[in-house]
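Every chain is named by a letter (A, B, C and D) in the order it is written, and numbering of its residues begins at 1.
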């Protein structure tokens, strides 16, 4: 059972609201004796934080992590690592006008009906601000994985589709991804994407995105049948990210239209090494990693807080209209890249540790 | 932690191998005092079982369920319901020729590398035969939901794409689905699908499919933030089904190309009832059911056991070729329909019970 | 969450009622490649089964275990091991006269009030018959531990107090324990215990017992702070056994009257080996095994089904009297010895596996 | 799986070390719409905090709780409640002299052997300082129970034995308990206890204690067979408290010497109300609450950090001696009273919520 906790062995619990004093995260089950510095975690935090370009939310948060426990003399101790991030730039006043209305496509409707209470300030707990904590946990997972497995293990994400615009996935260039504000893997698409997103924002609208996450250097054998399959846990992890509506592994939805021959990734022994001719499986067979690159993708719906007026109801059930001002991302999908990477790192570390227990 | 157990409150544990003496399932957490008869469960079992048409596996299994515990005088007692299905038509000999080779795209490769042991008989535990147990658990969930919520709660699945061939999803007709061997919702597509699938089989190949599951009558408020979201649990459930490579909720992958206006399902009070103008959310907002129909879909890859020869390696790592005879489904996606329905029923009952605990 | 499942990594789920067709157990998380034969499990089963002497229940059950899954060619495969035991000698008629009355001190009262349903046949799910399944799971745990850690790991239990009669715990003799029908560790007490228990039975009464379990050869470092401490899990395990009312680790209740000096087990390096001068801790410090022998004990209350008449109420709440005939153990504590051993083995294997995951 | 998390539905995760900047607690699964003020929590905190009398540790901690999330406009929102307590009076220097030695009877030995790292400052994570967080979580549980069940639900603990000295349990007086520094329920014993404990302290020694917790007003039907029994969960909860070596329910260890007649609590309908003639069961039958008062007790061993010199080894395994200065409780058992109450409240709320899910 875990409402706000993710993971089996390596587990993290997040807490905090968008406009509360702070948000935070308790990481449990991290192995001891792993060198951990705030700086290493901050790198990942900075990739997610808002206010860095005109293409994301203008809320100014430095997202400075503080570690309150679990690290002694620069090393993890095997006890819970508590991290806290103070909220600096919450403007609850922005929400006064919509505090009694429901945003179409937003969780404020279902939260209110479930809990009978509404924290209207910035979405409260429903806000994607919660994901900052995931990135902090993911950074620790990444560092632990690199200590335990080695540097060859690498998790990289990118936006492969921005609204209506795709890009050439074969031009995947990690350096390029790190440079541009869209995490776009293909240099050629960037200019067009810029124009497109500015137009979307200007129109008072928003757009969705597709994010792809690739994990290379994953050992063979991670995963656990039947209901803790690696792909099953990845699907659960990604679907738990705000606004995600679809998760694919390898060929994904496209698997439906492949023939049996096309789909089956042929295996070959090349000078003593097992090689696969293709990777429709996305690195996972029967819920267990095959040693191939793990390739997954997920779709993020457009931001539901938009300036354009929409019909809705209020808390009393009366018909009304809504137009959401404030500092929302025109495309929440962009900042989902470091979040997806973080969740992937967490799942991989969790299964790496779990695998040690499974096989005795 | 749960390798072979699914669920939080309503939980089921499956066991058994394709060619062992039996398979089975222990359902725990089913509320007491629910009338339960074998006959009701058998209806669902019969929808999944093989050997019913020339379009599925020719293995002849009656899949007769026996209940060994948890039911007294026709009613559930609140204690574990143990069910067993004896395997009748296992032909392990069929697997002798491939017992040292790995099927490309099949889990026998990863299982062997993980566990160091290979139960080659029909795929052992990796076999989709395990899913019969899910259908039995799902039948109990369905019966319990109908007792607790009422008959208006209904879960119906269909194949909406068979390999390269789609169908008209707007022609969704539940009666039609129950009649044809493909669970196709659109009468017009059936003839074509027949020809297509026979051709695929004749060619020694296989094909994939897309399955859609619709749940209507679901109360508002089911689901639990942040890491037990309803959609997150559905994604995990569906991705745990053999051969599934992608799961979508509502607009799914398509959500990426919608505009903010298109995507946000406007809300309207019509004579005192809350109505949504569209259902891109697929009935789930922020991980919590909105009261709209829950609509999800998943893609199943083509069967990896095919007659056509493929390159592979054997247990010693030597290059070889493989051609799989035996009685495999040309499209495993078809029989995934009742499995997807079962998993949906289980998730819904689980969250229905969980919701009672959450809100005190 | 786990109503009928015990354990974290090595988990078992039990099912079945006293007078149903069968009872059984699904063991999940057992490492692969462990040689497992029915014979090895049956040895433990035979130590628990009723009808062996005049000092226990006269119900005749052979308690023959059948393995339905999870073992291939004599070895575990890492998949669920399903075991079944058919009930042979259930006499439900014995319970007709008390089917509407509650036995004072028995769970039939609380079960009825909680679930609103009563399976009166032999206590249904509340019956200690369920513990046969624990013994089967425990046997697998013992075999796995001996494979993984070596033969030096040994779990032995005994009855150290039978009703009013104690025995000399310092005369602990494993061979003696295996020989007498009381699992008494001290030869000198046996005669007296025989007379005492026959007198108790003849008087239409029953008596309690204290059971002690010792585990030697346990590696240092098993256990997990704070809420999965080894002693915490042992306490939970033992308290889950029918009729247990108290669990002690090491000095137990007696720890309250020791001085700080007496209680602290001094440590000494003797020729390179760490030795403790005493073992008040019972082999566990801070929830983690210290390498010393683990010594625990638990108290079992007298059987509540007795011949002597007691006042009670019936299902309608009317005052009445009850006298329970049938074939009950005059002291359920005796047969709790193999059950306690089994639970200890399960906890130790579980933590052994978990420890591998914890430390990366 | 839960190393630092306790509970099933109502769950709390604790973090922090004795001498780190802060300790804290994340409470998840608390129902929404419960009025919650810092003041209400602080009452319980103050009952546990050190430095209040000469009979406990002289460490001066105000143990001021801050709430960082989960409460909006004075009410719980159903989202995680994060609480933090800053450490004010940590004196790590006190521990310099023993930083390479192991205290006999203390967890610093096993932690070091398990994790390969030692946070010597005040015991790090092993410190009973962690229990402050439990008291905070327990206060929330108590408040929620009183909202959900009513004021009649009451959990009260007391010290019934201080080292060698008992007291008259029949003189149980709640007001008296609240007044004296020992939580002693019997006024007559206090003077003697004072003298005794001062003598123990003066002698450079320490002593143990027995704590009893009584919960009245508990509804019938809480608890879940077989491995989530109410008594099983209580045993696990209490055994997880630092230095606890034994847990008893009702008659406890004494149950072993009762006759079947004595032990079975006869039931009587008195003017329409079910009454029990005795309460050897301690309010729990078959793991389910019977509606009687729940009565449990646990033994706490003497503080292992004592001034008197003891033999031990150091981190390198060399023989040495140790004498522990610093500000330790002469009897840690005293402050265990509010901790035991807190754990009892948490278990009861957890099972109260769980029960709603179990019965549909």
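Please note the rule applied: a residue touches a chain if its C-beta (ideal position, glycine included) is under 8 Å from a C-beta of that chain, and two chains touch if they have at least 3 such contacts.
Computed from a predicted model, the values in this text were never measured in an experiment.
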What chains do subunit C and subunit D have as common neighbours? A, B
With centres defined by CA atoms only, which chain is the most remote from subunit D? B
I'd like the Å distance between the centres of subunit B and subunit D, where a centre is the mean of that chain's Cα atoms. 46
In whole angstrom, how far does the Cα centroid of subunit A sit from the Cα centroid of subunit D? 39
Please list all residues of subunit D that touch 2 or more other chains. 1-5, 8-9, 14, 29, 32, 78-79, 114-115, 125, 225, 358-359
Contacting residues of subunit C [partner subunit A, same complex]: 1, 9, 29, 31-32, 34, 78-79, 144, 147-148, 225, 353-354, 356-360
Please give the residue numbers of subunit B that touch subunit C in the complex, ascending. 1-5, 8-9, 11, 13-17, 20-24, 26, 28-29, 32-33, 68-70, 72, 75, 77-82, 84, 114-117, 119, 124-125
Which residues, counting only subunit D, touch subunit C once they are in their complex? 1-6, 8, 14, 102-111, 113-115, 125-126, 130, 161, 163-164, 200, 205-210, 220-221, 223-229, 231-240, 242, 245-269, 272, 274, 277, 280-282, 284-291, 299-304, 306, 308, 310-313, 317-319, 333, 355, 358-359
